[in-house]
Amino acid sequence: MSETRRTEAFSDGVLAIAITLLVLDLRVPVRATLEGSLADALGHEWPAYAAYVTSFLVVGIIWVNHHAVFELLAMVDRIALFLNLLLLMLVAAIPFTTSLFAEYLTAGGARARTAALVYSGVMLGMSVAFASLYSYIGRHPALLAPGVDADAVRGSVVRFSVVGLALYLLTVVIAVFSAPATLIAHLVIALYYCFRQTRATG
Amino acid sequence: MSETRRTEAFSDGVLAIAITLLVLDLRVPVRATLEGSLADALGHEWPAYAAYVTSFLVVGIIWVNHHAVFELLAMVDRIALFLNLLLLMLVAAIPFTTSLFAEYLTAGGARARTAALVYSGVMLGMSVAFASLYSYIGRHPALLAPGVDADAVRGSVVRFSVVGLALYLLTVVIAVFSAPATLIAHLVIALYYCFRQTRATG
Amino acid sequence: MSETRRTEAFSDGVLAIAITLLVLDLRVPVRATLEGSLADALGHEWPAYAAYVTSFLVVGIIWVNHHAVFELLAMVDRIALFLNLLLLMLVAAIPFTTSLFAEYLTAGGARARTAALVYSGVMLGMSVAFASLYSYIGRHPALLAPGVDADAVRGSVVRFSVVGLALYLLTVVIAVFSAPATLIAHLVIALYYCFRQTRATG
Amino acid sequence: MSETRRTEAFSDGVLAIAITLLVLDLRVPVRATLEGSLADALGHEWPAYAAYVTSFLVVGIIWVNHHAVFELLAMVDRIALFLNLLLLMLVAAIPFTTSLFAEYLTAGGARARTAALVYSGVMLGMSVAFASLYSYIGRHPALLAPGVDADAVRGSVVRFSVVGLALYLLTVVIAVFSAPATLIAHLVIALYYCFRQTRATG
């Protein structure tokens, strides 16, 4: 396996594990201490389910985009490997930020704001790492696979990176005002990417 | 790797992780607070073991069927990717619904019913996502691999999807009446699929 | 990917996850409630470390042997798939039985015996599933890869299965008398397999 | 798949899971018992974040180096497999030592020292296992891939192993004096390897 395919396989492993670990944020009410009905207790946990769905879609889209970027590559160098590791470090933290966001989504005031800011902040950091990796590739045509047009990559880097950064920066701004609106914004962004970005390929 | 094989590898990763995370639902009685014999305490946990075995078989069968469907494909488009992500999202939630079901299986009354309904409901949702993915493929012959008969796919979609949906809908109805009967129904369905659906292939 | 390679890849995933989840059995003493020195508290946890090392080696050897068996195969049928799923179900339970064994190893009396019996019992069940899979293959030459000698497979099935079953049955007997001796027996068996069974191959 | 590639794929799985399980060390403050602001509570958890980043980079570098070693190999024998399993056993323990280190980093006195010594000790053990594997390969040219210069491997074994062992031995010494300095030392070593060791390859 080439260094590029190995890096892609390792990244796929980390992404698959991170997306599946999100389920650990869904907690079962303890039977011995449960008061009232189980349906009420589960209903009370709606922020956890909403955060699960949102983060699952977000990591799913990161996986799609990560592959799209790696398909352009013939080789990776030390800087690209390090930027990819940075990206994975931020993605692997998403089960934590998701759990934090779910716990404080309905807490109101400064606490909900803090949780929303951490969630949006890690997503922004992730998109910065992604944009850095992508633009690094765009500036180093020697890394590109034969037949990949360096100019086209540079053009799409700008579009791809600027849109991603702007959207996640917007969620940071929204987080200052409303935690629930922040979650909705992330869900809308994820659904937008699901139906726009993903291209039909063989 | 083609988009199709990559999607399959990622899905395999999520399924392997989800099936292995089921073990986290098996809890060790804490030594410091244990009263009575350990054998009794473990015996008391039989719903967790029954739920573990059932969900392990169910996810194992989903894996087998998932591969059978992907083997028909030459390419995936954005809708197929999204339907697959939806399917994975529901499968990845199974360790949670399994844990919930085990905790309340013997609680009786509304609580056991709620847990059984959530377990059956997520399985029904999973089979809806699977049927949607499968029937989407059946209606888009351009996605099929060369040599795959679109008419045969459409025919098997009906059989496969209707049977799956009907069986899981039945477990939802059973859940209204009895939580233990619901678990037995899921186990019987899983064993049925183990010995029927799986075909001998090279 | 053929059905055989896919089954092997899925099994590898489950084995890699089960072996890594063993780390969740190692617990960090909570700082707020810790009395005395951390070194003493960690030293007190020696059963967890001993059980971690033992189970890690056991699962590592299962992985080696699993591959050795699958290398003989050209195809799998529904019975082989089901026996393999049964094997994985028991292996995936090892992080639980390891945690149980570590918690009660030094509890003495009936509790230590119960934990040792559960640990050895699941290992015995695992070796029964493995022997069933292996002997099923031996009795169905149609599944074997070209060039694989069915008679040689049948011969090695007996040796391999009888030795494994006898050794794990022995640990069940030992478990009736002494939990620590049971753990040592499993460690010795694992080390024996590490240096005997594994053959040098390209 | 050859024995070598299979061992590499299994090792990759374990490394990807170990690196992603590090996120479980990041804990969400419980809303019901939280006093003061969430921002303060999260800020108080800085040792967990610092340890997460450090261990993530360390495991990432182990992955890069592990591949570099396996690329030299045409086959593995039983000793190499066992040394590799020993290496994986120590790497898989890193989420535990990271959690321990984070919990006691700011505890001061003997407790912080113990936690730092355990963290550095497991890293030293890991580098001993790695050096053993690498030097075993260097002494057995029959295992090397065609075209790999055995003399060059032996030369790089000395450089690679001595540097790694010396650096991790140094962190053990530092651990006697200061836990925070130990964490900084590990981070500096990881960053050094990120930018030095990793070579640009196709």
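Here the chain labels run A, B, C and D in written order, and each chain numbers its own residues starting at 1.
Keep in mind that, in the parts below, contacts are C-beta pairs under 8 Å (C-beta built on N, C-alpha and C of every residue); 3 or more make two chains touch, one makes a residue touch a chain.
Because the structure is predicted, anything quoted here is derived from the model rather than measured.
Colleague: Tell me which chains count as touching both chain B and chain C.
Modeller: Chains that touch both chain B and chain C, as defined above, do not exist here.
Colleague: Average the CA atoms of each chain to get its centre, and name the chain whose centre is farthest from that of chain C.
Modeller: Relative to chain C, the chain with the farthest C-alpha centre is A.
Colleague: Same or different for chain C and chain D, when you check if over half of the residue numbers at their contact belong to both copies?
Modeller: Here the answer is different, because the shared fraction of interface numbers falls below one half.
Colleague: So if I superpose chain B on chain D by CA, what angle comes out, to the nearest 5°?
Modeller: Copies differ by a rotation of 180 degrees.
Colleague: Centroid of chain A to centroid of chain C, CA atoms only: how many Å?
Modeller: Computed from C-alpha means, the inter-chain centre distance equals 36 Å.
Colleague: So how far apart, in whole Å, are chain A and chain B when each is placed at the average of its C-alpha atoms?
Modeller: Whole-Å distance between the two chain centres: 25.
Colleague: Which residue numbers or ranges of chain C touch two or more of the other chains?
Modeller: 13, 17, 21, 24
Colleague: All pairs of touching chains?
Modeller: Those chain pairs which touch are A-B, A-D, B-C, C-D.
Colleague: Would you pull the chain C residues touching chain B in the complex into a rising list?
Modeller: 1-4, 6, 9-10, 13-14, 17-18, 21, 24, 74-78, 81-82, 85, 88-89, 92-93, 95-96, 99-100, 103-104, 107, 110-111, 114-115, 118
Colleague: Chain C touches which residues of chain B in the complex?
Modeller: Listed in rising order, the residues of chain B that touch chain C are 5, 12-13, 15-17, 19-24, 26, 28-31, 34, 37-39, 42, 52-53, 56-57, 60, 63-64, 67, 194-195, 198-202.
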